[in-house]
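Note sheet for the following structure.
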Amino acid sequence: MNFASDNGGPAHQQIIAALTSANEGFAPSYGAEDAMTELRAQMGDIFEAPEAAIYLVATGTAANALALATLAQPWQTIYCTPLAHINCDECQAPEFYTCGSKLTLVGADDKMTPEALDHAIAGAGHGNVHVAQPGPVSLTQVTEMGRLYSLEELGALSGVAAAHGLPVHLDGARFANALVALGCSPAEMTWKAGIDAVSFGGTKNGCIGVEAVIFFNPEKAWEFELRRKRAAHLFSKHRFLSAQMLAYLADDLWLTSARAANARAARLAQGLGTLPDCHFLAEPQANMIFATLPRATHQRLKEAGARYHLNGGPLETGPEDEPLPMRLVCDWSIDEAEIDRFIDIAKG
Amino acid sequence: MNFASDNGGPAHQQIIAALTSANEGFAPSYGAEDAMTELRAQMGDIFEAPEAAIYLVATGTAANALALATLAQPWQTIYCTPLAHINCDECQAPEFYTCGSKLTLVGADDKMTPEALDHAIAGAGHGNVHVAQPGPVSLTQVTEMGRLYSLEELGALSGVAAAHGLPVHLDGARFANALVALGCSPAEMTWKAGIDAVSFGGTKNGCIGVEAVIFFNPEKAWEFELRRKRAAHLFSKHRFLSAQMLAYLADDLWLTSARAANARAARLAQGLGTLPDCHFLAEPQANMIFATLPRATHQRLKEAGARYHLNGGPLETGPEDEPLPMRLVCDWSIDEAEIDRFIDIAKG
Amino acid sequence: MNFASDNGGPAHQQIIAALTSANEGFAPSYGAEDAMTELRAQMGDIFEAPEAAIYLVATGTAANALALATLAQPWQTIYCTPLAHINCDECQAPEFYTCGSKLTLVGADDKMTPEALDHAIAGAGHGNVHVAQPGPVSLTQVTEMGRLYSLEELGALSGVAAAHGLPVHLDGARFANALVALGCSPAEMTWKAGIDAVSFGGTKNGCIGVEAVIFFNPEKAWEFELRRKRAAHLFSKHRFLSAQMLAYLADDLWLTSARAANARAARLAQGLGTLPDCHFLAEPQANMIFATLPRATHQRLKEAGARYHLNGGPLETGPEDEPLPMRLVCDWSIDEAEIDRFIDIAKG
Amino acid sequence: MNFASDNGGPAHQQIIAALTSANEGFAPSYGAEDAMTELRAQMGDIFEAPEAAIYLVATGTAANALALATLAQPWQTIYCTPLAHINCDECQAPEFYTCGSKLTLVGADDKMTPEALDHAIAGAGHGNVHVAQPGPVSLTQVTEMGRLYSLEELGALSGVAAAHGLPVHLDGARFANALVALGCSPAEMTWKAGIDAVSFGGTKNGCIGVEAVIFFNPEKAWEFELRRKRAAHLFSKHRFLSAQMLAYLADDLWLTSARAANARAARLAQGLGTLPDCHFLAEPQANMIFATLPRATHQRLKEAGARYHLNGGPLETGPEDEPLPMRLVCDWSIDEAEIDRFIDIAKG
């Protein structure tokens, strides 16, 4: 009953197998291997973007920070939500990588509206030398509360950015989960919706550690390469990154795994919905659930060995019926029986 | 006949196998897995340093840049040789990670002497606010020319640093190759010789991508952890790093592989030594050879498919007997028959 | 009728005269002049802090950014209000100087409460490597809305910081204005209230361009000196900074000028208070007034040549009686007749 | 007998007078004063460059570091000589301002040749992601050894830079001294010789503290303004910078003062040339002299109160006739009688 995170589960067997296959003899290093050429072609097809510049790194934070540093100037501010991973979970990697950009928080939670974004940008000091200048907009899809931006929402936000001449970055650590939930194409969720650069996650969806960074306009490709190297994120044995990503895309493994994770979360949400004292904090649209359960229920679950983030507390003392918020994440590998057992225990 | 680099060859089967084994069910993320606890204990034993702080990253440049940023202040200068990896091959990662430290080049090639180091430090502006302040000394073992510092040399250099109150970092991308060549213990080559922090390489010696950073004084451990995270080098699925490193140490795989690589290089050097027109540029002491061969010999070798760095040129035109310098690196996997074939072709 | 800012008026004649006097023959450069020794002694007396480290720079942003960079680590966040000068008016100088610290905004305007500060610090991720670590608290006195922290408020805020082990910086661009308004001693408004470092402004109160940075604990003095030099804020002809500051302190010029500015603002506020359609946005406690006047009144004032910041708008079109917010700043030199004329015109 | 530096002497009376004149009533702040408009027009005329972007800062290090940060990318290296002020005397301000650029040292002393520059650039890793990329060339005129680049030399060096697509910065802390020595026009010594950006010094030649930064191509003007503000080098009471610079240019004060300083140095050099045991280390071409005198002579001079940099030592003990190197700088204000007295004492 591990719902702690989608980075705690195992990698998919096909990913492991791909490493073994890639481990044949000598190969050019630093991304010059043939597999990377093949990967670029495949991802160009998948995104209907043959001109796109495509790079691999090993962590999501590296993907975000390097993409943003390439898009932002040090005297600019980056627009994101208060709950954005780049604001809450990266120990100021964006500020470090950009050499001092600021983050301007838009909205109150995990999503921003076009109106709020427009207001924030318009209120900044464009052309006023005393003030941080407007910079890139960074959106997260799936959001940190497990919600989605619809294609219309993405398009409207990108439209605001474009009206101010600003680029848009998509933190797609859970790109595949969002894509299968929306039922759209990768192009529709990105460049057709006005996105300029994407952190395309693999790690949370069954890989060992690989993320792609995609720039639909390859103009800054060389700058990105220099930033990646200078940040020590260019792997010498790069073939083990390209092998993972190729296996991730092969036979639609990325989509299959994301569908599995989302379906598990739906089953879990459905079960939770039957509990009279469970309250959802956000509509579960992908593979994460934010909800409250009474303290007594949490106590039962934790005693039974369930693993998940309890955001309130303390667990041990307080009214038994006090609602405490939790985050439940389903990864692709979680067993349906585990989910049902979780619900059973929660029922008491 | 691939002598291009020790990052072009395959990973050892035991490393690959370890990834498969590590891929069982759920595990705590970000280094909280049990394997990391086990690894810290093992490395503490190996280095006879139970108090040491030990961390894993995936690239050698990350190990070096993070270690140096933890040891240096932004207004200090780092002492290294002109040929040091941190000076020549990391696209200014040290300058980036330290927020603007300078590198002061000591000596003329891949090694520095205590006298030259003392002269450089004494000539800096300690206490003079206009001048870069003395900072850490970074030594490379095996050096970038395939040579070694003896324990006496290491101790003398560290002594100079200590006399000026400066810490010493060891870039051990080829730590194992140096260790088996010197025939000493890890403690002798590090803290007993006055080294404060080590980049302990695994990638070039049969791993996929893993390096340890060791601080013998754990005082700055927490700062290092924050720097690593902020630099996006903390892996979520960290178990795949600890698994590699544990397998690397198991059954002395690291030593066996390094001995194999060094022995191959010795065989290659021995063969080259029989060629009348081969001249060594540095004494080959580990797994790298720097030597010259006539242009005509290079042409034969390249035509036969040999892969290695030719530092001069052009290959195609010029006197047939003009000596052109090359670098030959033997990794642990290279076949002895390949070496003999290389020599045969060179013989003409 | 210039109420635009206290940086638009002339320097005091005594400051100009001091430059002339300082311009005699040769003097040691870079702060080694005798006048700096004299200044340190005087300021040590004034602050009852003989051990304090005292430095001069030429701009308030330099004072703030250098002080904060000396107190903060790059992976920490600095606590300030949303309206703080360091957040709104320095084009990310703090982020630049600290190499990527973040600002965490506490409160909703120009002041923070101890409760809000405690909540913000407690909510940060102290000891959680994924999250910005708590860093210095920066308070502004006089605030950006012309208000004051009482000694009790300062002490309570510093107490919260101290309870979390965090240092406190005071942005005292208008230090003298606050001091005379509170009627306390410099020591009471700083180290006795728990302040660790002060930006002590001279520029806005009759100097040409000079600010002192004071560290009551001199432990980081040398680091500050290196940061100042490396930031290009160490003046070669430093005697022209120390001369300004000595003249500023001589015969209580700093206090006299601040009293003059505050008294002018009080007269202006008193006059505004007689207008039926003037509404104050904050209690004017020093030399700045934030209030609204109807559009028609603004139009009359601007036509008559009055200079001040109109924060709303547009001035030209809209209902005549719509209240539009303004900022009025009185510097030490403004004529009482100008104030009375302003009120007369506003009366219509 | 003060020959320590040209930053130890007094400011010219016309500079002081200009401050008094500028101190009339209210003026727009942050460079919006009328005097700055006038200054831009005058400097555009002087440099025959009406389109140039012209800015003021208060220190030479700020001028250099901001200009270079505007021209360089963080992953580039800046080419300069080992003795360049940016390498030896700015405590790594360029590295800080550029967020981690490196300096590549060309030549062995204070001057570089086109051949050496071409060799250094060609040897860098243009297009090789592992290596610092070629960046701006920074030349110093007058050099740190008191020598000059001829117009031909400047043109040849700029030609090398241009051939590699690199911009050229001129550190003109002693611009006027060089100009009058060469007898050429400002345009000839800058953009006509291929210079892209200039640090135009005022401080060392009779000002209190003011330097202009000139970009002949105004494309990066706005970036420079943001960098200056973010570095806390935009003065609020900017009129005191523009007033200094206007007075510096008025009635050719800058040229007159530089001619005076150079003439004093020539008189001093002529006197030294009559001493049998004085040896020049570099040809004195402007207002600085590098030469050796025997220890005994130095002892006599120091005892008589002469002030200058003695680079060797110790002064107190050693052979009386051992030659010890010194630097003598003549500022515009030094008295000819002082020079003659210095020579008399040296003669013994």
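By letter and in written order, the chains are A, B, C and D; residue numbering begins at 1 in each of them.
Definition applied: contacts are C-beta pairs under 8 Å (C-beta built on N, C-alpha and C of every residue); 3 or more make two chains touch, one makes a residue touch a chain.
A quick map from chain label to UniProt name: A, B, C, D = L-threonine aldolase.
The structure presented is a predicted model; accordingly, all values stated were derived computationally and were not measured.
Participant: Among all the other chains, which ones are in touch with both chain A and chain B?
Facilitator: C, D
Participant: Is the C-beta contact count larger for B-C or for C-D?
Facilitator: C-D
Participant: Which chain is most remote from chain C in terms of Cα centres?
Facilitator: So the farthest one, by centre of C-alpha atoms, is B.
Participant: Roughly how far is chain A from chain C, going centre to centre by Cα mean, in whole Å?
Facilitator: That pair's centroid distance is 42 Å.
Participant: Take the average of all CA coordinates in chain B, do the same for chain C, and state the distance between these two points in whole angstrom.
Facilitator: Computed value for the inter-centroid distance: 51 Å.
Participant: Return the distance between the CA-based centres of chain C and chain D, expressed in whole Å.
Facilitator: Here the centre of chain D sits 34 Å away from the centre of chain C.
Participant: Counting only residues that touch at least 2 other chains, which ones in chain B make the list?
Facilitator: Expected reply: 74-75, 90-92, 96, 99-100, 129-130, 133, 226, 229-230, 234.
Participant: Which chain B residues qualify as touching chain A in the complex?
Facilitator: Going through chain B, the ones touching chain A are 2, 4-5, 7-11, 16, 19-20, 23-29, 57-62, 65-66, 90-93, 96-97, 203-204, 208-209, 226, 229-237, 240, 307.
Participant: If you look only at chain A, which of its residues touch chain C in the complex?
Facilitator: Contact set of chain A toward chain C: 74-75, 77, 88-92, 95-96, 98-103, 129-133.
Participant: Help me check something: in the complex, which residues belonging to chain A touch chain D?
Facilitator: 30, 73-75, 99-100, 129-130, 133, 223, 225-227, 229-230, 234
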